[in-house]
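Below is a structure I'd like to ask you about.
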Amino acid sequence: MAFSYQRTIHFADTDAAGVVFFANLLAICHEGYEESLAASGIDLAGFFRDTDVIVPIISSEASYLRPLAAGDKVRVRVEPSALGEDSYEVRYEIVKEGPKGGKAAVRAVTRHVCIDAKTRRRLAIPPRLAAWAGVRIPA
Amino acid sequence: MAFSYQRTIHFADTDAAGVVFFANLLAICHEGYEESLAASGIDLAGFFRDTDVIVPIISSEASYLRPLAAGDKVRVRVEPSALGEDSYEVRYEIVKEGPKGGKAAVRAVTRHVCIDAKTRRRLAIPPRLAAWAGVRIPA
Amino acid sequence: MAFSYQRTIHFADTDAAGVVFFANLLAICHEGYEESLAASGIDLAGFFRDTDVIVPIISSEASYLRPLAAGDKVRVRVEPSALGEDSYEVRYEIVKEGPKGGKAAVRAVTRHVCIDAKTRRRLAIPPRLAAWAGVRIPA
Amino acid sequence: MAFSYQRTIHFADTDAAGVVFFANLLAICHEGYEESLAASGIDLAGFFRDTDVIVPIISSEASYLRPLAAGDKVRVRVEPSALGEDSYEVRYEIVKEGPKGGKAAVRAVTRHVCIDAKTRRRLAIPPRLAAWAGVRIPA
């Protein structure tokens, strides 16, 4: 289910071209991912420091449609979907808000795979995360 | 006058020690400074890209009292005060919020001086910024 | 022509999972891009602040193959190629160096388009940049 | 003993004012600290993820004397000194290199205290780190 996160563009996000540095746009997407996890009751500190199961990002894609500057108000739409038993993807849209409505500034996707932190072998998505990602767990 | 800004600690703020990297704590203070300027009606995009007057930070000091981790909720207290006709300082306190009330995590100060963007000579603080910083402008 | 840039992974690149935050891997690729431009004699300060022609990144893709930790030595291979008269792409490989030779850690690509800074209309790649990107300029 | 580290200013270090964001200057100092530790034979990955002894930064001070832009070449001078059995400080100077010699751009200091990672009680600086910091260990 889609989740939405609001954010102001900060000065540290920008670079000497006067707009947000492209890699920082992916970091802003990741903030939306974290807020979406937190909103579903997942403890972030535990999630990202888990010593058993980790969920690294294995790939990302992004289209940068419109520059963003310090002070801009953005909304990050976050939509996870399962890719299989052990992986999911998250789709993002960063929308620049304005008096005449929003305009898409970035569209991105990250792909994540659950692995055992020690053996690095693939594992099924843990139940809480599966619920968040909308995975149907077979009976 | 003191201003307060709320923020969740994001994963990108942290480092391999599991807590926020010390320099990122100053960046979080600066976010509070920006929000405080915006709250007083100053346009951020213009403020930081002004081609006439710029207000660089000339020094900073910080005490790091308590580690912060991803998912922590913090409040940044921001309090500017004039140092003279052409300079001001901003004091910050980052407070970690919790069920039993807040605990100070960082105390910091930044010092700023107004200069002409071209000649780099000192200039009086412009009126709007002076009002924000609480400067009494002599009649 | 391929260019190679060496770098040590710094603590600020990492996050609480103990490895480099995915978006910072794209920032490290961009460092390689900058070094490649500088090596071909292009002035970076001027390039990125040009008031006439700008070359924003319009898309990126990356595969994250292997985690990198503070202290790791990496080599960033950078290979530009023209996509047309007004755009080019840059391919990157971040290789983790080790006693038994290098192992690919990241493969990425960024796509760039030359535009007029004021009108935001597409422009032909300027000559020096075209030479760097290996564009054959028709007689 | 003083150590020196060379670095080019990258685009991601800068902000919309066209120069390095003040907090990133402290991150660049920290890179010099890491390189200094590595040069003395200390394993960085282990040092910063140690599960027994950690050495958090408890305070920092910095003076920002001269702006730095993308493409600038800098040298970071790093000089540690012991403050006591359980703490040390590191002094930094970031020098902008130029055809007519270097000019100081930043002077900074960070203070560090050794603590037990679990109890968070102060501990004596471990021998290798003490040797690096120039601590005389009493016979």
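The chains carry the letters A, B, C and D, assigned in the order they are written, with residues numbered from 1 in each.
Everything below uses one rule, namely that contacts are C-beta pairs under 8 Å (C-beta built on N, C-alpha and C of every residue); 3 or more make two chains touch, one makes a residue touch a chain.
This one's a predicted model, so the numbers in the text were calculated from it and none came from an experiment.
By number of C-beta pairs in contact, A-C leads over the other of C-D and A-C. In this assembly, C is the chain whose CA centroid lies farthest from the centroid of chain B. Centre to centre, using the average C-alpha position, chain C and chain D are separated by 27 Å.
Look at where the CA atoms of chain A average out and do the same for chain D: the two points lie 32 Å apart. If each chain is reduced to the centroid of its CA atoms, chain A and chain C end up 23 Å from each other. Multi-chain contact residues of chain D, defined as those touching 2 or more other chains: 11-12, 15-19, 21, 23-24, 27, 30, 48-49, 69-70. Residues of chain C that touch chain D in their complex: 8, 10-12, 18, 27, 30-31, 34-35, 38, 43-45, 48-49, 69-72. Per the touch definition, chain A reaches chain C in the complex via residues 15-17, 19, 21-24, 26-27, 30, 45, 48-49, 54, 56-65, 67, 110.
Residue ranges of chain B in contact with chain C, taken from their complex: 11-12, 14-19, 21, 23-24, 69-70.
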